[in-house]
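Step one of this worksheet: look at the structure below.
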Amino acid sequence: MHFASDNSAPVHPLVMQALTRANDGSAMGYGNDDLSAQVVQQVRDLFEAPEAAVYLVPTGTSANALALSILCQPYQTVFCSELAHINVDECNAPEFYTGGAKLTLVRVPDVMTPDSLRAALDGEENRGVHGPLRGPVSITNVTEMGNVYSLREMTELCAVAKDYGLPVHLDGARFAQACVAMGCTPAEMTWQIGVDVAVFGGTKNGLMGVEAVVIFDPAKAQEFEYRRKRAGHLFSKHRYLAAQMEPYLTDDLWRELAISANTRAAELRAGLEALGLEIVNDTQANMIFFRMPLRAHYAAKQAGAAYHLMEPENVPEDTPVMARLVCSWDTPSETVQALLHTFRNAL
Amino acid sequence: MHFASDNSAPVHPLVMQALTRANDGSAMGYGNDDLSAQVVQQVRDLFEAPEAAVYLVPTGTSANALALSILCQPYQTVFCSELAHINVDECNAPEFYTGGAKLTLVRVPDVMTPDSLRAALDGEENRGVHGPLRGPVSITNVTEMGNVYSLREMTELCAVAKDYGLPVHLDGARFAQACVAMGCTPAEMTWQIGVDVAVFGGTKNGLMGVEAVVIFDPAKAQEFEYRRKRAGHLFSKHRYLAAQMEPYLTDDLWRELAISANTRAAELRAGLEALGLEIVNDTQANMIFFRMPLRAHYAAKQAGAAYHLMEPENVPEDTPVMARLVCSWDTPSETVQALLHTFRNAL
Amino acid sequence: MHFASDNSAPVHPLVMQALTRANDGSAMGYGNDDLSAQVVQQVRDLFEAPEAAVYLVPTGTSANALALSILCQPYQTVFCSELAHINVDECNAPEFYTGGAKLTLVRVPDVMTPDSLRAALDGEENRGVHGPLRGPVSITNVTEMGNVYSLREMTELCAVAKDYGLPVHLDGARFAQACVAMGCTPAEMTWQIGVDVAVFGGTKNGLMGVEAVVIFDPAKAQEFEYRRKRAGHLFSKHRYLAAQMEPYLTDDLWRELAISANTRAAELRAGLEALGLEIVNDTQANMIFFRMPLRAHYAAKQAGAAYHLMEPENVPEDTPVMARLVCSWDTPSETVQALLHTFRNAL
Amino acid sequence: MHFASDNSAPVHPLVMQALTRANDGSAMGYGNDDLSAQVVQQVRDLFEAPEAAVYLVPTGTSANALALSILCQPYQTVFCSELAHINVDECNAPEFYTGGAKLTLVRVPDVMTPDSLRAALDGEENRGVHGPLRGPVSITNVTEMGNVYSLREMTELCAVAKDYGLPVHLDGARFAQACVAMGCTPAEMTWQIGVDVAVFGGTKNGLMGVEAVVIFDPAKAQEFEYRRKRAGHLFSKHRYLAAQMEPYLTDDLWRELAISANTRAAELRAGLEALGLEIVNDTQANMIFFRMPLRAHYAAKQAGAAYHLMEPENVPEDTPVMARLVCSWDTPSETVQALLHTFRNAL
């Protein structure tokens, strides 16, 4: 019963097969092989962006930090929510890669609204050279709390950024899960509404370790290439990054895996609600934050379930505590039912 | 006939099998899985360094730059040869990761001697705060020109560094090939002679993309961990890095693959010498730099051979031009003979 | 009627005389002159810290950023209040000088309490390498809103920092004004309560442009020297920095000037209160934040008064708006009375 | 007999008077005062560059590093001579301010030629993302060894830079001494031949501590302003920087002082040559490098002369050793004659 994270899940069999296929003889390094070229084209096709520059990097942190480094000067500030991965889970990577830019936190824990974003932007009022200059707005979809911005909501946030003349970065570690939940195309949730650089995540959706950074203004491409190399994120045996993306982008596998994860989460959510438990977030994606009495947590732990408890355990057994459950592309319905069964028995 | 680079070679079958084995069910992320712990222990055993801190990163550039970042302050300077990978092939990664340290080039193209190293160290004489403070000495073995420092030579270089109170970094992108050529143990070529941080490369010797950074002073471990995460080089699905190292460290596979590459290079070298061609470097490892008439190069190219020509082609057909041939773990003897045959016919 | 800032004030005549005295013949550069050595000793005497390392730099931003750079690693975070100068008025200088550290804002606009500081420290809970490591606590006294921490309050904040094993930085751009208001010695408000590095400001109290950075642990001295030079803040003609500090430190001039500024502010405050105006901050130092009807502001502006209005002017004439008045070492009582007279007539 | 450095000299009396004049009442901070605006215009007039952006900073290192930071990306490399101040005397400031760019040393100790510059540029051949991208060319005039590029020589170096599409930085710590020796106008030695950003030094020619950075493309102005503030080099009491520049730019004082220093050096040089001593550099500016028997050095030292010996003293008394003599704006002819007299007696 593994619900700790979608990055605890294994690699999809088709991806393993593609790696084996790619492992045939010699190939030019550093992305100069045919498979790498093919994957770039596949991403462009998927995003309906024939001019886009596309780069593969191995981790979400490198994808976000490199993306921000081409959107943000060292004397600027990035706008994001308090719980944004770039703020709380990347150990100052954005500050490192941008050469010392700041993050200005929009005063919401997780989901930005146009008003809260505007308030933050206005808060970094014009203080001339004393304060940092306003830099990019960074949106995460699916958010850290598992919420999904609707297409309308994302459109509105982008519009605010554009009002202030600022570029937009999309942290898409769970791009697929968001896209499926939003019911739109990758183009609709990115360049068509004003996203300048999108991270198209794969690691949390069945790949071994690959994210595609999609840069819609190709004038930024050269800078990205130099910065990727400088950061040690250009793989010599690049074909093995491409080999992961290739099946992912074929026959909509990325979408299929996201649907599977989201569906399982919906099933889990319905089950928790049926048990009368409080659901904290309001999501159609693959993460659920909910509250249960501590004793239910003990029972689940006893039964071998793995997930993150988000609040301290030093409370009475009946106290509701918040926990996070994440479904992956490979979570079976049986496992969902087994967990629900464990909770049911403990309540 | 692929002699372009050892990073053009495929992944060893045992490594592919280990990846498949590791791809079984869920596992904790970020190195908190059993396989990752096991591999750390294997590296410690190999280096006879039970206290060493061991970290896996995906590329040689990240390994070197992170290693230097814990050895060098931003107001210091790193000593290395002019052709060192950290100087010519990492696009300012050392400067980036150290926060702006300088590289002071020892005035030799490739192989440092104690005297040339001392001259460079003395050149950065005490100018108080006006010049940078002296920082680490960085040694590469096998060098960029395919030369191998003997154990005595490395020992002497380390002794010079210690005379000046400086730490030593070993760029071991081809650690295995050097170790085999030197005829010593990993311990003998590192901590026993004064190396403080060694990069134990795997990518150029049959892995998909993993280097182990071995830090002999565990007091530096925490800093490295934070810096690795900050650089986006901590893999969430870390088990797939560990899975590559595990077979590599089992039954001396790393050594076996290096022996194979070095042996093939020796065979190639003997063949080239028999053809009367000038060998530029003096190596027992897997890279050969040599000169042949340009027409021989044309013939080889025609025959489909892939390798790097190191000098311009706009010369008469009889002019000797320098080329680089690299043998890999998987280079067959037949391919070596085929290339020699092609040259022979063209001369 | 100049109340815009204490850095709008001229240089004290004794300082000008000292500059003229210092301008006699040649002197060794970079602080290797007698006057520079003497001033270091004067600062040590003033702080009763015979071992302290003392460095002169030209601006408050350079003093703060260099101080933080020796207390904070790039993968750490600095704790400060939301309105701290290092957060809102230094254009990412702390991020630049620390090599990319983050600032974690204590959730108070201006004055930190032990509880709010603890909450911020606990908020950066142990997330392993995912979040930054906790770094220094930065206290500003006098604060940006003109408030003064009492000696007890500063002692408590330092104690919290020490509970977490963290160093403390004191932004003392208005050190003198605070010290006088606190009624204690420089030693009492710094190393005796746990401050590790203090900025002893001069520019806002009658000097031309000098701040002394006082580092109580001399082991940090060498690093500071190299970082100062690297930042371009080591003056070749250093004697002219020392020449400013020398009279400032003689016969308690620094204290006398601060008393003058604070006294004038008290007079101004009493006058504003007598007019029934709301005083926003609760200070014994030289800055007053208060509210008056917009029409009073218009009258003062008309009369030639210079100060900062802190709120927008696009409101009805009777609306109370906040303004900031700063008294300097040279503000005469007559000017205070003239401003009060102008307000009185307008109300 | 002070010949150690032109930054050991005092401040010119007219500058001291201007500082006193400026010290009258309150003034807006951060360069928003009338005197600061006037000085910007004076610099523009001097350079015949009505659009130029002009900024005052306190030190040569800050001027150079900030100038380079707007010309060079972190993944680029700066071309300069081995002895360039930015390489040997700024403690990694260029690396710091550019965010980690590299310096590529032109293989000449001091004076670059078009050929040596081309060789260095070609040496950073196109290695794609593996090497840094070519960045600015940095020229120093007067050089560190006291040599002066003629206008023709500077023009040729700039032409090489332009051939490669690269911007040019001029380190003009001794701009005035060079300009006088070259017999040209500031415009002729800068923007008219392709210099993009020039440092117009004052500190080494009679000011207390001010250099003007002159940026001929005003599109770079905003970035410079933010970077200057971020580095802590924006003075709150900016009028005292402007007050130094104002008399310097009035009635050609800058030129007069440089002529005085250069003339004295010519007199000194003639005297040394008359004594049969070897002159190492070939300069018309204010620095002389020459060789004398060690015993002459001992005699001068005994007589109280101050200057830098450039070679070790542990040699026999008759061995020629190299020394550096620098004349300043205030060096009197009598002092020159006294030093020559001392040498004459010792030979």
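We just call them A, B, C and D in the order they show up, numbering each chain from 1.
As a convention for this text, a residue touches a chain if its C-beta (ideal position, glycine included) is under 8 Å from a C-beta of that chain, and two chains touch if they have at least 3 such contacts.
Model, not experiment: these values are computed from the prediction.
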item: Chain whose mean Cα position lies farthest from chain D; value: A
item: Higher-contact pair (C-beta pairs counted), C-D versus B-C; value: C-D
item: Distance from the mean Cα position of chain D to that of chain C, given in whole angstrom; value: 34
item: Rounded Å distance, chain A centre to chain C centre (Cα mean); value: 42
item: Geometric centre distance via CA averages, chain C-chain B, whole Å; value: 51
item: Multi-partner residues of chain C (at least 2 other chains); value: 74-75, 90-92, 96, 99-100, 129-130, 132, 226, 229-230, 234
item: Of all residues in chain A, those that touch chain B in their complex; value: 2, 4-5, 7-11, 16, 19-20, 23-29, 57-63, 65-66, 90-93, 96, 203-204, 208-209, 226, 229-237, 240, 306, 328
item: Chain B residues touching chain C - in the complex, by the definition given at the top; value: 30, 73-75, 99-100, 128-130, 132-133, 223, 225-230, 234
item: Chain D residues within the chain B interface of the complex; value: 74-77, 88-92, 95-96, 99-103, 105, 127, 129-132
